[in-house]
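To keep things simple, chains are lettered A, B, C and D as they appear, and every chain counts its residues starting from 1.
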Amino acid sequence: MSFPLLTATAVLPALGAIATAAVPAARRTAAKWLALLVSLGTLALAVTVLVRYDPDGDRYQLTESHSWIADFGVRYELGVDGIAVALIALTALLIPFIILAGWHDADPLETGHKRWRPTQGFFALILAVEAMVIISFEATDVFLFYIFFEAMLIPMYFLIGGFGDRAHEHGEETAATQRSYAAVKFLLYNLAGGLIMLAAVIGLYVVAGNFSLTEIAEARANGSLDMATNTERWLFLGFFFAFAVKAPLWPLHTWLPNAMGEATAPVAVLITAVVDKVGTFAMLRFCLGLFPEASKWATPAILVLALISIIYGALLAVGQRDIKRLVAYASISHFGFIILGIFAMTSQGQSGATLYMVNHGISTAALMLVAGFLISRRGSRLIADYGGVQKVAPVLAGTFLIGGLATLSLPGLAPFVSEFLVLVGTFARYPAVGIIATFGIVLAALYVLVLYQRTMTGPVKPEVAKMPDLRIRELVVVAPLIALLILLGVYPKPVTDIVNPAVKQTMSDVQKKDPQPEVEAAK
Amino acid sequence: MNPVNYLYLAALLFTIGATGVLIRRNAIVLFMCVELMLNACNLALVAFSRMHGNLDGQIIAFFVMVVAAAEVVVGLAIIVSLFRSRHSASVDDASLMKL
Amino acid sequence: MSASAVHSLWTMAADPIEKIDAPKIEYGQLSPTLIVIGAAILGILIEAFVPRRSRYYAQVFLSAVALAAAFAAVVGLAAGGYATTKAGIAAMGAIAVDGPALFLQGTILLAGLLGVFTFAERRLDPVAHGNRVDSFAAQAASVPGSDSEKAAVKAGFTTTEVFPLLLFAIGGMLIFPAANDLLTLFIALEVLSLPLYLLCALARRKRLVSQEAAVKYFLLGAFASAFTLFGIALLYGYAGSVSYATIAQVVDGTVQNVTPALADTMGNDALLLVGTAMLVMGLLFKVGAVPFHMWTPDVYQGAPTPVTGFMAAATKVAAFGALLRVLYVVLPGLRWDWRPVMWAVAIVTMLAGAIVAITQTDIKRLLAYSSIAHAGFILAGVIAASPEGVSSVLFYLGAYSFVTIGAFAVVTLVRDAGGEATHLSKWAGLGRRSPLVAAVFAVFLLAFAGIPLTSGFAGKFAVFKAAAEGGAGAIVVIGVISSAIAAFFYIRVIVLMFFSEPRPEGPTVAVPSPLTTTAIAVGVAVTVVLGVAPQYFLDLASQAGVFVR
Amino acid sequence: MENLIALLVAAPLLGAAVLLCGGRRLDAVGHWIGTVLAAVSFVIGAVLFADMLGKDAEAREIGQHLFSWIPVEGFQADIAFQLDQLSMTFVLLITGVGTLIHLYSIGYMEHDERRRRFFGYLNLFLAAMLLLVLADNYLLLYVGWEGVGLASYLLIGFWQHKPSAATAAKKAFLVNRVGDMGLSIAIMLMFTTFGTFAFGPVLESAGETSEGKLTAIALMLLLAACGKSAQVPLQSWLGDAMEGPTPVSALIHAATMVTAGVYLIVRSADIFNLAPDAQLVTTVVGAVTLLFGAIVGCAKDDIKKALAGSTMSQIGYMVLAAGLGPIGYVFAIMHLVTHGFFKAGLFLGAGSVMHGMNDEVDMRKYGGLRKYMPVTFVTFGLGYLAIIGFPGLSGFFSKDKIIEAAFAKGGTEGWILGGVALLGAAITAYYMTRVMLMTFFGEERWRSRPTASPDQPDVEPAAEHQGAHAEPHPHESPRSMTIPMIVLAFGSVFAGAFFGIGDRFVHWLEPVTGHKHGHPPVSALTITLSTVAVLVLGAGLAYLHYGRRPVPAVAPRGSLLTRAARRDLLQDDFNHVVLVRGGEHLTRSLVYVDHTLVDGVVNGTAASVGGLSGRLRKLQNGYARSYAVSMFGGAAVLIAATLLMRAV
């Protein structure tokens, strides 16, 4: 048996989490370094996965399969396609930055109880989330996926509720209340989604008798598994609901602004750039893969919801007074694009959506982490409390601007490629939808630039006059992300090459062909 | 006499016992009503035993009596200790725990 | 010896007496029960003859050894094939020794063993007059607050009778799910109930509440017993027998040698249906299903916490075992009648338990409502009316009982000056003071909530799966909705523990002796193991999923 | 040779990267790095130009394929360049004017502590603009298109500490984004229609699809052009963009970037040619903007804003010409180039004036400056003559051709368009004469005297910054600033004649854009004469208004039209009320909806479950007997239900 690379990629951060949690209370710095090293090790493993993955090979590669819970028809089945590889790489890539960005976020304020170890907990939880996210990307067994899809809520919940911004405009008491409200809201929304999905998972078992993606697909292909139309639709809705909460799709989105607003910036990045991606990823892999007919049936409604998300999220972002909530609503808008791309059911749309997941991860990380650095300096999340930062901290402002420009999908930066692909892919099949979605790019410019203008330009506010520019640690976090944004904006081929075959497969799952151009233009 | 009549009587007794449980306040009386219900069961058992011509029912009745006796032991112990701490055997007074 | 061939012990007596056959008792197969009841009797003798100072040790030792031995016997029987191929009826048709019986007996015995550990805990309460004390009243007979009580406390009295009582209760519980005729069922019910009534009244602190709980439990329990008994009487009247097998045959209409009286009563469906309803009602009372649940919160709150933990776990296991056997062995022919009714009960139980729990402020009451909701979930598996349903319920019960004991054991640790600090507001910030205890409790809560990677999830999945396969899709949907509601209050406790600021006058977490630590550790271990790798136990449950007739 | 094309873009890009990432240690030399790299790019452009001239007209197009950019199933986007005569024209204009303005900026920005960054942005702009004109497909063009938008954003807002500058920058970007929407929709339409968006295939097979599709594509391209080129209805940003440093206004908002829209239309000639409706719309947009800009230009007292209005108006000419089809394309580009020279020159002159006047921009506080800054006066004057179309100078040749072509459109349309163009020429003469007179002639209004009360309405806010109250000491600008002005003045004078005489420019561009000779209903000479006539008329009127009479230091209230024109013909007010206020209301109400409705439904459900819980909880009243009632009732229901099940 070959080395279980996929398992190792997930197990390493899991073990790292345990080890980090076990570091004695006084050795905070050691815990941080341990976590960072583990995350880098995971990154190395993820890169190995990336390298070992052969775009021209089988659909699922590096597969592992062991029996697990035979009674439930559950197997421990791992395997990656291009989409999963890309997202695993993204996750493994972002975690070190998140850890580094949150280096001081969990330092205890005062000497509390001697056994109270928030720092260790913070980094252990981040690693735990990483492990669970990675394994949900790897799982090719629905049940296995489901377990980690649900279980990751718990560490996330503690990360949101347990660690917040240091200073708060209404004092620590209010902050704690709002934080726990946000955490509970996060958990309940996602748990409700997950439980609905559980019903559908059980339903799937009753219908199919096992949970293996490959087996079910095979059975459907050769006709031995015949799902009644209505059954398929109900099951689809059950799955989709959970993913739509996680993604999040309008009108199930309201947990995200709270969660991202109250969590520390690195955790907010973890939510939106990493954890939420599991939702959109799962739409591609499970909704389209398991229930192609129902997916097509639901497409019109989903497109409408995605459109609403795009426009609505952007408009709400414009109306926010809080930097982090603004980014959250922007993310809602972006998730609308991703879902649009997935359900447009064209090669461009789905490649774009996958690419979008990666790019959105990086761009939001860049924007949000810089925003976090900003907030940590001034101790306020309110846009109105800033002004003229550009003058005192030009590098911070510059990186913030680049993050913002990536968020508004400026051509030349990575998100443009994906957003354009999504738009083109959508437009090819549903022109009206494509055009309406295009309004999103104007609104994106609006909220990003308004944010930048109000915080960074204008006369220097006295409160920010002494603000230091980015420190080395912070620069180490931001610079690679920006470099990646530019690199993937100019040369996304490495990613698209990995993603394309998987998208082709998905397209054949749903038995859809790209709309052909009207005129076969001379090449 | 038609054995069914015994059953009606048993049912009646059972209902009277149950009603007693519902409307009386004194724990001892409540408990006696329960005993009445048990005896209604006994009556039914014996009547059925007779109808079927086997002894199972009657033997069960003996067991029930023993059980009832054991219940008395346990029940009175509890009720008395309650009475001693509160100087009241009203079950309605024993309502510290609610909601 | 087939079940129908053995005419029951009682009917033979009606024949003219020529010789009295000695009843045939399979001591080996009954050994778990016999060991426990024997130990209980021995425990009484210890109370009588062993000096007061040594009684505690003697009782703890005896109880633990007896339960361990009984468990070993269960394992031995199971290993010997009595759960599968050699499953049969023992004690002249009174007791079934089969898979479900052995599985549940094993579960009850382990729960009982952990119960003994928590009963025996003497490190939590502050030392009173140089004596280490446990959770039980110094002298149950003395009036709370009276001089005699003070004297008893000063003298260092302890109610070591709790151990024999516990053993008796366990003995009843062992018989309850194995009972193969209605009389045995009734006797077992009483044998398990009566000691519990007493145990409820024995709290060391908050004695008034404890006594009140006992009175309520006793009166309502007796009331329910009367219903059960009347149901038994009616079923006996219907079938002319109390043997499960015979009744089942009569219900199915496959009975041989129909006497005229039987022919008469067989035609009377009202007897059968009303009898069934009343019998089932008595069992539903024990499992705490709505609307027969109302004793649960009060009793759970008032009883000494170790008793609550044990009762919540073991009684539920025993009662569900009995319910399963009645429904699956006696009344499978009546499936189309009882299933819709049980549907309704399951739905109401799940929803009511989850909804009412939301606004609870006492941790023990909260767990009580949680146990009601869980009863609903288990009923969903019962409804499946399939071998998968049985094994899923068995698995769920196993998983649930350990979580419950563990959770209540944690509750015993959180204390302030008035004893256990069960009001939720006092749990605020526990995660800051004692991260480990809070984390352990969080694990239990997450298991209750059915979060994946805990035993709660595996169990829930199993019963819902069985229900869905049995065509009860609606139950599953309502089940997940209730789970979502239920999740809310579990999470509320976690929020309270981890995200609220600790109160300055808040409770302290007592450091327990290895006894409670063991109970909690076993609880956590089982919770995690059953969550991560449940396959072995699922296999066990599914092998044990067949009732003998 | 092909491989040089990428270097053309790479050189300024490198400059931008080095300057922006280099940090403080490059402060001392940053401006030189930027200027040299711009010049390098120009030299490469010149080499390529020389090479191109050496080839036959048909073989002049060369290309360079760098790599496959976005390879996705059914979708092929490449990083590839195409250099033909049209691109070449732009390359030379961009790098040439660009280099000059770099040079100028060295002096102009001398005292700005962030000069290095300024040059970084300028280089970034050059790179993006070159990418725009060199791209061989629409998507890559789009990258350049937004790239110049970004550079424009950064440069308009360069003085970010001024809220007005930051707002102007944001506005420019946003309005441009609306246009960009058009471009992206156009690209999407191309993709679905042709399966590609490379210039070659799309334009070649344009004839194979329906006119409706082509019209849609063309209109979307026009929308994009309107945004970038400040055409009605997306013109509002250009005036505000004057918040940027003056070299920026000269380079980006006069000579190059704002003409990108014209480039786009001319580049897509094959599509527009087949979509007459879209062409008509284009001409209308051009005509309306032409007048709009001109009218606005008449009313502004801010010298840069007056010039901005002029830019708008001149680009209106170009768009009008481009909308005329093959008879106008070449002239559109020709006017674009000559405009590039003279307008850049004018802006640099304006900058020079401001430089000498403590950054004062209000022309009412100028006057009689010709004595103090002779070089500026002369170069500005030449630019002035060029723009109003003084016979023999650049503007004359190019503008006259456009007016001719407009008449040649034929029919009523031709008359209307021609008339508008002619009218525009008159207004141009009027406002430019006004600028000239107010700035360089008349009394020296900048001499100390009681300043106007600050709360006087209609005073441009830009005039209110510090130093406006201290008496300025007008002086000529340093060499580095005057040399570019002189060079550009040369261009203003001679470029038109060089291009126009012998149809040199027509022959140069014809292979790319195609050309048809227009036949106006009246003779070309008549048109030329009337152009000159209206010119004299306009200039004369201005002289009457501003040369003969003293210019009040505080703007008089003016007529309704004047007041409207000062406010950009109320266009901004409209935007403010409808878009800004309306948008604010919309977002605010949506925030409310999100909180109360979307969130409210969930919270409401939770609350009602909680309420239900509270009520159900009351059932648990602590009385054992009521529990017994519940059990009894439950038993009764159970029995009844069981019996009922049998009954049904």
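Heads up, the rule we're going with is that a contact is a pair of C-beta atoms (placed from the backbone, for glycine too) under 8 Å apart; a residue touches a chain by one contact, two chains touch by 3 or more.
Quantities reported herein were computed from a predicted structural model and do not represent experimental measurements.
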**Fill in**
Touching both chain A and chain C we find D
**Message:** Relative to chain C, which chain's C-alpha centre is the most remote?
**Reply:** D
**Request:** Tally the contacting C-beta pairs at the C-D interface and at the B-D interface, and name the larger one.
**Result:** C-D
**Asked** Of all the chains, which has the CA centre nearest the overall CA centre?
**Response** A
**Message:** Suppose each chain is reduced to the average of its Cα coordinates; what separation in Å results between chain C and chain D?
**Reply:** 80
**Request:** Could you give the separation in Å between the centres of chain B and chain D, each centre being the mean of its C-alpha atoms?
**Result:** 96
**Request:** List the centre-to-centre spacing of chain B and chain C in whole Å, with centres computed as mean CA coordinates.
**Result:** 24
**Asked** Cα centroid separation between chain A and chain D, in whole Å?
**Response** 37
**Item:** Residues of chain C touching at least two other chains
**Value:** 215-216, 219, 223, 227, 297-298, 488
**Request:** Any chance you could list the residues of chain B touching two or more other chains?
**Result:** 18, 21, 30, 91, 94-98
**Message:** Quick check: what residues of chain D touch more than one other chain, meaning two or more?
**Reply:** 606, 617, 620, 622, 624, 628
**Item:** All pairs of touching chains, each written as two labels joined by a dash
**Value:** A-C, A-D, B-C, B-D, C-D
**Message:** Quick check: in the complex, which residue numbers of chain D touch chain C?
**Reply:** 606, 609-610, 612-614, 616-617, 619-620, 622, 624, 626-628, 630-631, 633-635, 637-639, 641-643, 645-646
**For the chain B and chain D complex, residues of the former touching the latter** = 18, 21-23, 25, 30, 91-92, 94-99
**Asked** What part of chain A is in contact with chain D in the complex they form?
**Response** 188-189, 250-251, 253-254, 312, 315-316, 318-320, 346-348, 351-352, 388, 390-391, 394, 398, 405, 410-412, 416-417, 420-421, 423-424, 427-428, 431, 434-435, 438-439, 441-442, 445-446, 449-450, 452-453, 456-460, 490-493, 496-497, 500, 503-504, 507, 514-523
**Asked** In their complex, what parts of chain C are in touch with chain D?
**Response** 215-216, 219-220, 223-224, 227, 269-270, 273-274, 276-278, 280-281, 285, 290-292, 294-295, 297-298, 336-338, 340-341, 344-345, 352, 355-360, 485, 488
**Prompt:** For chain C, which residues are in contact with chain A within the complex?
**Reply:** 391, 432-436, 446, 449-453, 457-458, 460-462, 464-465, 468-469, 473, 476-477, 479-481, 483-484, 487-488, 491-492, 494-495, 498-501, 533-535, 538-539, 542
